[in-house]
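The same chain A turns up in both complexes below, where it pairs with chain B and then with chain C.
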Partner chain A sequence: MTIFSEIATITLRALLGRRRTLLMLLLAAIPILVGLLVRANGRPGAVDIGAILDGIMIRVVLPLVALVFGTAALGSELEDGTAVHLLTKPIRRSTIVLAKITVAGTLTAAMLVPSTIIAGLLLAGMLNARPGVDPVAQVFAIAIGVLVGSYLYAAIFVALSIVTSRGLLVGLGYALIWEGILAGLLPGSQVFSVREYVRGIAETIEPAAIESIVGSTAVVYASIALVAATVIASLRLAVYEVRGGD
Partner chain B sequence: MTATPPVDRGLVSGLGAPGAPGSGPGSPAGALVLESVSRWYGNVVAVNDVSFALGPGITGLLGPNGAGKTTILHMLAGLLRPSAGKVLVGGVPAWHNPSVYRTVGLVPEREAVHAFLSGRAFVEMAARLQRLPDPRVAAARAIATVDLEGAADRPVGTYSKGMRQRVKIAGALVHEPTILLLDEPFNGMDPRQRLHMIGLLRSMAEAGRSILFSSHILEEVERLADGVLVIHAGRLAASGDFREIRRLMTDRPHTFVVRSSDDRSLAAAFMAEPAVFGTELRDGRLTVQVAEFGGFTRAVARVARGAGVSLFEVAPTDDSLESVFAYLVSRR
Partner chain C sequence: MSEPVTAATSAGATGSIYDIGYRRYEGTRLGRGHAARSLFVHSLRSSYGIGRGGRAKIAPIILGVMALIPAVGIVAALTLFAQFGAGREFDEQVPIRYDTYAGTISTIVILFCAAQAPELFGRDQRHGVLALYFARALRRSDYALARIGGFIAALLILELLPQVILFLGRVLLTSDIPEAVADDLPSVGPVLAQSALAAGLLGGLSMVVSAFTPRRAYAVAGIIALFTIPNVVAGIVVGLGSSTIGTWLTLVSPTSILDGTNAFLFDTRLDSDFFFVDLPGIAFVGAALVGIGGSIAITLRRFARIAT
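Moving on, here comes the complex of A and B:
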């Protein structure tokens, strides 16, 4: 087993072995529940699949689940001291960071991509508010956006959890206040919003799937943000200090 | 308090002057070196201008809680950046240098093992992360070394504190480091485990390893260490041969509280002892002022037997390390 997969395996076990997994599964199930409710309502009114998935999945569930896994993957180990056994090994810090991001991102995506697809397909049976759009292509475009967003958010939140011991709180502030409120009000600020990248990627794949401001440049922004978060996390972990009890 | 001078050469076994010729990698003389090292957190000084150089053998880092022991150990383990001065491990800087962990093992004081892992899984993981050629064999050897074979396949979450301590030690020595740093290694161990651990660390030291362990308990350091560094309020208060420091510590006056079947007769009997210079009976408690710790502890049972009194408890009252160290520092 390589060092990378060694760290990834233990991280996955640590993340799954807790109650939080159950809570995250419940969160991931919300879009499916909404899909079922809309479907059960059964009225012939047209639904906008893109708007519903954007409002629930991209805006709320994705950042929250990625936040929890991203900050728990390394941040909570730094907090409770279990990270010391990793830090005192002759391992490149970037290997640790990459393994943590990969696990947090994969876990987020493993929960949310199926949820996006199931919720979307439930809605796809309804009358689409966007005439001429193939609802299945729309759903898969958004799911790919969610897939990329899972890793990008995970990278940002892993980095955040190294930079500050209040990663969860700061991350919540970023997701709710910055992405939720300010990025919608301040023109030009969308280029610093992961939510906007997710929408942009979906739009790039299926232009009628969803509307975004950044469009296909989202791919560039997302790549830069992913690399930057990984590099910052590695550099910060290399100078991370473990204070003792005295 | 005056500035701490560099450690006297030769006091600690294998001691070498910092930066002396031959203190490079591979040279045992400079395995662990601090050169005028300070560390502060904000405007709180945790370690203040400490210098020492340690070679093979066991050294005890003795001091009360909060003295700066963990800060020193974590700086040596590369987990903290020194604010000033140099920290060298095997001749190279410890900070920002993960390659030092090939030769260094750290046993932190805090719990550092995932509760869901078995002891064996934890140690094997440590072996794989060290890229050892045969992690399974190395882990089995380390587990046997700490005498944990019987519980190795149980989750660490079910371990007692002493067992958790031992599994951490197994994880730290699985790659047979030449330098071993242990933070309060005896916490939570029962006497039998302590004895075993003392034997283990001794044999590792005899094999040429440099071992530095912290403790706030005088007796632990006395039983184990060849040399001692006494830390008080972030400063090196004393260093060198243990017997000398022990004598300084024990020769000062002590006060004991004694409970017995007949405190009054015992008080009278104590007054005949040369080591005792005062007794007091107040609120049903007998306190005894003695000139010297060792003399009194040797005499107490004999005196009680002579007076026909049963002893229930003999406890030193002012033996908090804080007072011992304050005494040591005041002597400087």
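Moving on, here comes the complex of A and C:
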């Protein structure tokens, strides 16, 4: 086995702890629950699937799940000090970072992409989408956006957990304040928000799926952000100083 | 601790115990009330990182400052516009007023809860020091109540301080201070009531989560999930048309409850399409009080049973 897959396996096992996985599955189930509630509530009529999936999945569940997995992938080892065993071995720091990001992103995507598709199809099944929109294409476009977003968020939050010991809180602040409040007050700030990239990618694939202000340039922005987060994480891990706990 | 250290000297065949002069505590014992009060003050102080290291101060101070920014900004803007003689017109249109302030900073208050509530309950459990608290005059219920009380008091400061700045700014901007005070006086009651309900509900619920979740990371994520997800779900369901499910969802979502009490207390209309639920405003106040009482009761129960 290569070093990469070795680290990936260990991380995967560490992340799939009982309680955390259960909580994350609960979170992933919430969009499906919304889909069921909307159906149960159902006054048939045009429903904007994009807006509902955006409201619950892209704005809330995706950042939250990615945040927990992203900051725990490397952050929990750094926090309890066992990361020393990894850092003192002759392994390239970029290999460690890449393995952590891959596992955190894959785990996030594995939970949320099916959840997006099921929730979307539940919404699309009974209630018709806006005229001129193919609901299935719309759902899958958003699901692909969520897939890319999972890796991008995971990369950013892994980097954050290396830069600061309170990565979880800073990440929440980013998701709630920057993407939440400031995006409304300063629309320009959305060019620097993962949420907007997710929407942009969905819009690129199926133009009627969702509205976004960055559009297809989201692909470029997202690639830059992904590379930047990985590079910053590797560089910061290279100069990481082992500290005690709180 | 309380066993008398007697000068026991027994001349047995195998050995003897000598009184080597340890002294017992002779001073006044301040008792249960004092212990509870001290813990309350300690909780209040550590909510803002006072008495703790610099790293523990970063998050509460940043969030505290962010909660003040809208108030300071609006007072600054009012001053600026008053210089141009347009103070009155601007004053009537500012989006940040007494009745909208709680909603404006609600995200920051939620982040403050997520950052600080786990510090109060989580650290004691992680470091296994609960037994030391319970060995004192403090009862288990006192411990829980003092911690919750301290945190709610901290949140109350977070909610009220910006309002005080807003009030002072508005009053001092005018030349006729008594009239300005009289103008703003009717808002004082609702501001106090809304701040108390918000601090109680958000503080109580986040303390419940952190009492059951010693690990900080999970507690933080749990608090955020509890405060944001029901609100979004309720928003989506209610947005599709009023219905029984939507009404109930609104009453279990902490942030929608607080939006409701705010509208009720300030007698404003909820303008978002979120609220055409047909509920009397008092129902939201009831839901908030049930939430506060319930969360305190659950926390008390948790600490009555926790193994130390």
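The criterion applied here is as follows: the second predicted complex is superposed on the first by the 239 of 246 C-alpha atoms of A that agree within 3 Å, B and C clash if a C-alpha of one lies under 4 Å from a C-alpha of the other, contacts with A are read in each partner's own complex, and residues count from 1 in each chain.
Basically, contacts are C-beta pairs under 8 Å (C-beta built on N, C-alpha and C of every residue); 3 or more make two chains touch, one makes a residue touch a chain.
These figures come from a predicted structure and were not determined experimentally.
Peer 1: Mind working out whether A:29 is in touch with chain B, chain C, both or neither, as first, second, both or neither?
Peer 2: Once the two structures are laid over each other on A, A:29 reaches no partner at all.
Peer 1: I want to verify the contact counts: of chain B and chain C, which reaches more residues of chain A?
Peer 2: Counting contacted residues of chain A, the larger count belongs to C.
Peer 1: After superposition on the shared chain, which partner residues are touched by A:208: those of chain B (first), chain C (second), both, or neither?
Peer 2: Neither partner.
Peer 1: Is A:93 touching anything from chain B or chain C once the two structures are fitted on A? First, second, both or neither.
Peer 2: A:93: touches chain B, not chain C.
Peer 1: Between chain B and chain C, whom does A:10 touch in the aligned arrangement: first, second, both, or neither?
Peer 2: first
Peer 1: Of the two partner chains, chain B (first) and chain C (second), which one does A:82 touch, if any: first, second, both, or neither?
Peer 2: first
Peer 1: Touching A:20, do we find chain B (first), chain C (second), both, or neither?
Peer 2: Only chain C; A:20 stays clear of chain B.
Peer 1: Applying the touch criterion given at the start, work out whether A:71 contacts chain B, chain C, both or neither, answering first, second, both or neither.
Peer 2: second
Peer 1: Once the structures are superposed on A, label A:47 by its partner contacts, choosing first (chain B), second (chain C), both or neither.
Peer 2: The answer is second: A:47 touches chain C but not chain B.
Peer 1: Of the residues on chain A, which ones does chain B touch that chain C also touches?
Peer 2: Touching chain B in the first complex and chain C in the second, residues 246 of chain A appear in both lists.
Peer 1: Considering the complex alone, what residue numbers of chain A touch chain C?
Peer 2: 19-20, 23, 27, 30, 33-34, 37-38, 40-41, 43, 47, 52, 55-56, 59-61, 64, 67-68, 71-72, 75-76, 165-166, 168-169, 172-173, 176-177, 180-181, 246
Peer 1: If you look only at chain C, which of its residues touch chain A in the complex?
Peer 2: 55-56, 58-59, 66, 107-108, 110-111, 114-115, 123, 216-218, 220-222, 224-225, 228-229, 232-233, 235-237, 240-241, 243, 245-246, 249
Peer 1: Under the definition above, what is the set of chain A residues touching chain B in their complex?
Peer 2: Going through chain A, the ones touching chain B are 1, 3, 6-7, 10, 13-14, 17, 80-82, 84-93, 238-239, 241-246.
Peer 1: Quick one: in the complex, what on chain B touches chain A?
Peer 2: 41, 46, 65-71, 73-74, 77-81, 96, 98-102, 104-106, 108-114, 116-117, 122, 125-126, 128-131, 171-172, 183
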